[in-house]
Amino acid sequence: MNRALPTDLPIDDALVKEHGLRESEYAHALKVLGRVPSYTELGVLSVMWSEHCSYKSSRIHLKTLPTKGPNVLIGPGENAGAVDLGDGLAAVFKMESHNHPSFIEPYQGAATGVGGILRDVFTMGARPVANLNSLRFGSLDLPKTKQLVPGVVAGIGGYGNCMGIPTVGGETRFHESYNGNCLVNAFTVGVVAKDRIFLGTAAGVGNPILYVGAATGRDGIHGATMASEEFGEGTEEKRPTVQVGDPFMEKLLLEACLELMQEDCIVGIQDMGAAGLTSSSVEMAGRGGSGIVMDLDQVPMREQGMTPYEVLLSESQERMLLVVREGTQDQVKAIFEKWDLHAAVVGRVTQDGMWRCRWQGQEVAAMPVPLLTDEAPAYDRPQSRPTWLDEAQTLPEIPEPGDLGAVLLSLMAHPDVADKSWIFRQYDHEVGTDTVVKPGADAALVRIKPGAFGQDDHGKGTKYLGLVADCNGRHVYLDPASGTAGQVAEAARNLACVGAVPLGLTDCLNFGNPEKPDIMWQFAQSIVGMGEACRAMEVPVVSGNVSLYNETTVGDTTSAIHPTPGLAMVGLYQGKLPQLNPTLPAAGLQIALLGELGAHLGASIYLYHWHGLERGMPPQVDYPSERALHTALRALVVSGEVPYLHDLSDGGLAVALTEACLGGVGAKVTLPQSTERKDALLFGESHGRAIIAFEPSKLAQVQALIGDVPLTLLGMSGGDRVVIDGLVDLPISELDQAWRNTLPEFLS
Amino acid sequence: MAFDVAVLTFPGSNCDADLRWAVNNTPELSARAVWHKETDLGAPDAVLLPGGFSYGDYLRCGAIARFSPIMNAVMEFANSGGPVLGICNGFQVLTEAGLLPGALLSNRDQKFICETVVLGKEGKDTAFTKGLPETLRIPIAHHDGNFFADQDTLDRLEGEGQVLFRYLNAQGERQSGAAPNGSVHDIAGICNAAGNVVGMMPHPERASDPALGSADGRALFSALQGFLEAK
Amino acid sequence: MNARVFVNLKPGVLDPAAKAVQGGLHSMGFGEVQSLRLGKVIDLKLEDRPDAEERLKAMCEKLLANTVIESYRIEIGD
Amino acid sequence: MNARVFVNLKPGVLDPAAKAVQGGLHSMGFGEVQSLRLGKVIDLKLEDRPDAEERLKAMCEKLLANTVIESYRIEIGD
């Protein structure tokens, strides 16, 4: 059995604690193993039972999300989720966080985040067709932010651009709660013929296990446990654990894997992500209900003198693990050789349900697979509603500003609203020749070329993927349940603006320390809200990721980020290419509001930015009218009668209207009679609304297309000013400058 | 019989499929993928080098790809007067190979730039540029597209009509410094003295379909078709 | 006053560029190359100051080297 | 045998990267930097061969430097 290696440390309480295992967790391991674990095993337990790999605080909550539906092919649990696109095609997608590594080394942290999510998708046989990213930084005037943003953006671009996967959208927000803990969430979607999806399963006793890709170094050892710890003053020492990415190697891996997947060799395949060789082999055995034996000496190593502990826990990037059919090894190796990659047989599938590793002839680990997977600890952590919410959710007396134009101008320059082209100009968003709606719109639209994946659209027209990432942390902070529900609605609304029907969503749940009941309550409530909205809107959750412990300790105060359940939604549009314009295309168009007038002040960016208040309840979603609005928007897109649509979100009606004018064609509108406050009418963030513009002669057609959805005629396009009768009258040029200059000014 | 257009694939090329698609969308042109490890090009009518990050663009863009086995055949094809077009990384490979003068340095602001630019077409007629409109809207996407050449070379390029594309300002006017990447004389594309080897940083294949916002890039592929037909 | 700064990846940090260059040299027939490291060298011309060395160190820490993955060495000339 | 190769842009070739670094240093308060050049340094470990130097030169000419814009210098160690 396990014998001590010269490099092993004696197992004592201190070492167990250092590995992040609780007493009760360690006791459980002792009981199941019937002995003290070896040093190598302790390392493995530590990473497999870390929050990052085991989802021990979140598992019971995630189980409540709706994950099934007529379009779901693969739900959570695999490397990524998959939805049916019809005509034999599937979209495979997932979002993942790389927050902690990015804070420590922004370029490499963000780059390897992109690399990791790309592998999750092509592991399943899908060719990645687009990336999104969701970013959170601290205040823009902070020196640390000015260092992080360029690094993160260059890292995301550096990896995705080199791989040749377009980054077509995303969202970026700035808030002081992220000052010491930025968020970098990366999303990838791929397309595959639905009968060619590969899973991460180890099956078939005796089948060889192949390792392919970069050699293993000492990178990121304990990266997975690090991601589950709060940031503190001792963070610096952990720096060498940052991994460096090699997108060129990954491009070769991508092409080689996709080529190999054309053949009938692979039984199961999984990338090595967090906890590297350990988690990939354990999870494959877990899904296959099998065992695995690995000969760690066969693992290609980059450095001298590595120990089995290091080989197993390394997080070197650009590596894959494959189970192939016995007898096909040579064929597999030949395909990898073509791409200058070397595959090594490192083990076999067994039937004893054990995960075994050998090193120089000795067995250094032998643990039952379920101990590391299903039987990993899971907690129902205590929750309590934060007491400060009582006050925060009420709105105090707020003076109404005299000059609402000045408010608008200042909101346009707020970094959350301001032009993000400084960011997406650094991302290749055109490679692939399919990005038909580019960054800067409500959602991106990416074409799937007819026949590109062997599909036949049966005369229904070309397929387009609608893609959007959304999260308003302020709404969630002020009420996690309805705030999160609102984000689901908003994401679907953004898709509707490009005509797409939502098929599924993936999430990346960024929260603070779950051991604190306040935070755990935020988390649990957020999931309740997401579940409710997903059920109401019939959008299943097919994959996701949880990032906890997003907190910073400075002196003796610890502060958590705003709860940030990042969402990315994938939708389908099929038919004639929608003729949409990024801004109002011409003068003389009728501008109208779809949905209720709305005047919800609570939780708005206006309150925060102008009055310094994060107060009030976020706007609530009325599901039937929200869904009716989306149906109407999609009908308008399909009809081709409406050349401009834009949903209302941050900053409400006034900001949306200004955004419509940024192409140079102005607008002159009048708000309908209302008893509501003017600032609430202009800047309130009620859900369920969009503005549209169309030829006045088309009014009857528009009305016929939108059914019962309320339509308010606001005014006409034209001129070079944004005029909201009696309230705002500003030249577009001034608004445009405010909007355009913020990011370059702070970041260049 | 369609004309045979060889589109090379180096390890790290990522616009090869896009380029084949654009070629195949051109009447009478048929794209054929050629792997970098080949030594024989076959008998193509034209050779295209795609964009991407060959060998990760480590060391210098295009430096390692230039030594791919297939490149000997490309040099031979070029030296015998065959039409060769390098786009983006392909342009970098051609300069590294010495088939085109000058070099591509990192962008002025040290950032990757992806955006649609306005190009002015000028210079001598080539297989890829004959009959092109005066201005074209085509996207760029690169980190190292900052064209540099010494004064003598520049004088020659300018004097002999070897500057084929220049970055214009947003209004489509010539303006010194209009190049978003810092290129000397705002140069976006050039050809060799004989005019058969062309390199450009902008991606015509990404502007070869109205769905993508511009179809101006199609003109280059149509020009090639016209050139091959007239031959 | 002149100074030269060498910046190299720390040992153990993946160096994909070096790997690609070594592969390139091998395939070009330079099989004798057993290993290769790529680094940066920065030559600076500076105003003389008594605290020059200290300030150079600060430049390295802040900008010239990414100390998370790189190490640096300063050589002061004349 | 060890060798070190320095690769620098030739004088007269605009160096956008160096300009950016110098700009960065200035804006960080290091105004004493009067000029700055960025170069590459390549450390090689080679099999001993009698024609090592000649071959190193060939590596530089062919791959390590682009002699249109760069110059190189070889230092042979032991």
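Quick notes on this structure:
To keep things simple, chains are lettered A, B, C and D as they appear, and every chain counts its residues starting from 1.
By our rule, a residue touches a chain if its C-beta (ideal position, glycine included) is under 8 Å from a C-beta of that chain, and two chains touch if they have at least 3 such contacts.
In this text the structure is predicted, and so the values were computed from the model without any measurement.
A count of contacting C-beta pairs for B-D and for A-B identifies A-B as the more extensively joined pair. Inter-chain centre distance (chain B to chain D, centres taken as mean C-alpha positions): 28 Å. In this assembly, the C-alpha centroid of chain A lies 36 Å from the C-alpha centroid of chain C.
Measuring from the averaged C-alpha position of chain A to that of chain D gives a distance of 41 Å. Along chain D, residues 62-64 each make contact with two or more other chains.
Within chain B, contacts with two or more other chains are made by residues 55-56, 58-59, 63-64, 67, 109.
Chain A has residues 246, 248-249, 340 in contact with two or more other chains. Pairs of chains in mutual contact: A-B, A-C, B-C, B-D, C-D. Considering their complex, residues 12-17, 20, 62-64, 66, 68-69 of chain D touch chain B. Interface of chain C with chain B (complex): residues 16-17, 20-21, 23-24, 27-28, 38.
Residue ranges on chain A touching chain C, taken from their complex, read 104-105, 107-108, 214, 217-219, 239-240, 242-246, 248-249, 302-303, 316-317, 340. Every residue of chain B that touches chain D in the complex is listed here, in rising order: 59-60, 63-64, 67, 95-96, 101-103, 105-110, 146, 148, 150, 182, 184.
Listing the residues of chain B that touch chain C in their complex gives 55-56, 58-59, 63-64, 67.
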